[in-house]
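Shared chain: chain A. Partners: chain B in the first complex, chain C in the second.
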Partner chain A sequence: MSTSKIEIDGVGKSYVSGKRRDRKVVNALQGVNLTIAPGGFVSLLGPSGCGKTTLLKCLDGLIPITDGEIRVGGKAIKGPGRDRAFVFQDFRLFPWRSVLGNVCFPLETTVSSRAERETTARKYIEMVGLSAFEKHHPHELSGGMQQRVGIARALAVNPDILLMDEPFGALDAQTRELMQVELLRIWELTGKTVVFVTHSVDEAIFLSQRIAVFSARPGRISAEFDVPFGYPRNEHTVRGDGRFVELRHEIWGLLKGDQNSSFSE
Partner chain B sequence: MNKYLLPASGVAGFLIIWQIVGAFQGDFLSSPTRMVGEIVYLTTEGGLIGLVLITLGTMLIGWVLSIVIGVFVGFLIGRYRIMSVILEPYLIAKYSVPIIALVPLLVIWFGIEEGFLIATIIIATAIMLVFPTAAGTKETVRTYDQVARAYSISGWHFFIKILLPGSLPFIATGLRISVQRALMAVIVGEFLVGYNGLGTLLKDARIRLDADEVFAVAFIALLVGAVLTGAVGYLDRRLSSWRPVAVTS
Partner chain C sequence: MVRDWLVRIATFCALLLVWQLVAQQMSAAILPTPQRTVNALIALIERGELQTAWGQSAVQVAVAMVLSALLGVGLGVLFGWYRKLDQLFSPLFGSLFLMPRVALIPLIALWFGLQDVAKVMLIMAFSFFEIFFTVRNGVKSVESEYVDVARAYCVPQGRTLRTVVMPAIRPYIITGLRLGLVYALVGVVLAGFFLEANGIGGMIYDLGSNFRTAELMAALFSVMVVGLAVNLGLRQLETRLTPWQVSR
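Right after this comes the complex of A and B.
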């Protein structure tokens, strides 16, 4: 028995790119190791193209890995499963369905009673604060509201693990901060394990317990940081704290160093 | 107001000029009053309404079959790359061979009655559903493939819950552009074989060199086409009501 929820063990992902003579093997991920405790909040942080989203999709089983093993609850994963749910950067809602219909969607193959599906969906729509909008269609909602629907849809399958791929990347700065606070509230309420991909250092520090910093080519974890703040967190106290500034400085230094070395290659 | 005023006065001007010219060269050019007189005559004595309904019925059968075939082929092409490779030469051939060249073949295969007319409609129309449907399918798969897999939706459920609603606006575009074509195809078909319908009236008119009747039939075809286009446009807006562009326009 292990006490980790997720064990990423020597994971590598390589694929062949280019055509004919230009064909070459790209190592998107190489030798990635990471363990995540049940109920933990871990961010995968790095510049674009470093493989953090690839790792997240491997965690969900959307992309097969070519090396190593990913275990969830002690068992190696073979593909997508109901114990994990994915939140997409660009929401990926169904524009032809209402908010309620979107959140009901993942339940339609598993729960046969419509009333039961809607009860479950409404519970999570309420949790993300959209009860007044359940009959609206996505195009009638703001970006922040659309991602709330995306989160409710993920929660609807009652997964142990939420995999979030830069979920607030498409939102404006103010909405983004609001959504961060909301996410922490939902996380504390539900006790899910969250793996959160972001390229924002501030966002990673504000949200997570632990940060895994990626470096590119081949994609691997170059350092891990523990965030020295408890929960519930508050924008002002966290961002004003000296340790926030210090940690931010340290991570930035690491990212910059990585960037410089990849330029000089 | 101006939106209607300008085209309306244009049409009025055209009718007036036609009426004046027609007064001198009536047997060649007919005239609005002669055309209306002919429509009244055909309605009361010539069974016009029955013929319109026959044409419409044949057209609807052929059009619905075209939609089924066109959507099915478009779906195959959009979903499976191998199918687009296999079917492409035939689709290109279909585009470059004039339909009229196939008429003798269709007569050999289907005779000169309803079967021929329906085959003509399908050959002229189904292709107009293929490419919009293929584009919609590709787009929908690209956007929702990972969503479907992340939530373990596959097979029949993927088709019914994602692929079909996702490509519906594209299919609706195909419906809009194909309905006129289907009507034209059936009238031309009836004209060619002289089997029952509006096209048969045209054939009679040609034999009797009756310009009034030609214009009468053309006007009725125009009217039927306008009604059909309006109906399909309404359907299109209903099917795509979730598209933001459709709502704001």
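Right after this comes the complex of A and C.
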């Protein structure tokens, strides 16, 4: 069970874009506040370009923030750490390594024994249901299977926090639903904190306990919602529930309003 | 597939026929018939001349390629990885690359003479840049994609270079070597023209100056075959070593 609370405190991220003449400061994020309880499942939801992925990368320490502070377990983060693991939208597996080799990769800096690394890696490969494929290379796997490897790789370092950047965005609808159920199973099994970026309202509601809705330019959180369903969740009962429909409607309204206002700008 | 090959063979036969018809109207010193050319090729091989010439050229190309590969891959990785270095020196390399390298021959002759050392230098002038630029661009392009993964998992820089960048640029290294070798062939032929006249370049030059046109055509044919073989062989290696890569 993870114990690290995530506190996002007045976070801003701005950068200079353009050359000489039309140089301007872009506020990718401004005044973002969010607290995520240990072991929680929170979705960052919003349209493309609203800064949700930027915030996730800041959480990992892949890009530095320009304002505010992000604390994990009370300590301000200064860069990538082994308490957090990142799952990429486009999988980012190494094509020259097998499934086993890919999952072993992040362990190579910390675990010196090869046998020990492989034991750990195999445990997580089994967890994502790919034991029969550990010798396969990424190009021999489907997109869904590749992302399972991506998840196993992230779990292998035994992080407190999983940062997932639209992990199922590149998958077809059926695979996507399957992966959502899988992810919830793994989350309940491991007790990690999950921060999940998505632009799908349905996905956010089905998966998370809490949803932070983003609006764009500057990227900030415009509303937070609690999802009124317990776990384990069943797809059909959740999606058929009146509260699902209601919440979906409410969030959609918020996103639409935001889009309209940005159109009229 | 079969149809493609039929068309290719038909085209080849048609070309042979045209060659035959045109050659019949001309002096053998200008254009020998296909039959004469084949006979000349057989004679060159029987006398061992073609093998000797290619043997000399092969040694020169091999030495130059080993040096170009070491330098090209080494510097390519260094320049791709350290952006500052690239910013400082790339204009120099770029302008050298754009300069017609044939123009370097007099300087190479002044500095290194006319023998093998000079020839190796000339061949390197042709092959090094291909390898260097392909590898450097390779490092730059794998950087964002795979290096981010290493960063996200707290892998130190040196280790990232060794375990992520080096395997990731394998296809670029092989492509660079293939291009480098193709250009090395240009270099080795020119070396035989302008420096000491040995190897395949020297042979071509001598045959041409003595109006031994049938043998000249045969020698040119051997250059074509070697070029094709080099290209094909390294493409095979490319798909073997990097099965995930769609061959460029």
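Operating definition for what follows: the second predicted complex is superposed on the first by the 261 of 265 C-alpha atoms of A that agree within 3 Å, B and C clash if a C-alpha of one lies under 4 Å from a C-alpha of the other, contacts with A are read in each partner's own complex, and residues count from 1 in each chain.
To be clear about the criterion, contacts are C-beta pairs under 8 Å (C-beta built on N, C-alpha and C of every residue); 3 or more make two chains touch, one makes a residue touch a chain.
Treat the numbers as computed from the prediction; the structure is a model and nothing was measured.
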* Asked: After the chain A overlay, clash or fit between chain B and chain C?
  -> clash
* To do: Pick one for A:G46: touches chain B only (first), chain C only (second), both, or neither.
  => neither
* Asked: Now for A:P167: first (chain B), second (chain C), both, or neither, which partner does it touch?
  -> neither
* **chain C-contacting residues of chain A that also contact chain B** => 60, 62, 80-82, 85-86, 88, 92, 94-97, 105-106, 108-109, 137-139, 157
* **chain A partner contacts - residues on chain B that touch it in the complex** => 143-144, 146-147, 149-153, 157, 161-162, 165-166, 168, 242-244, 247
* Would you pull the chain A residues touching chain B in the complex into a rising list? => 57, 60, 62, 79-82, 85-86, 88, 92, 94-97, 105-106, 108-109, 137-139, 157
* **Complex interface listing, chain A residues touching chain C** => 60, 62, 80-82, 85-86, 88, 92, 94-97, 105-106, 108-109, 137-139, 157
* **Of all residues in chain C, those that touch chain A in their complex** => 145-146, 148-149, 151-156, 159, 163-164, 167-168, 170, 242-245
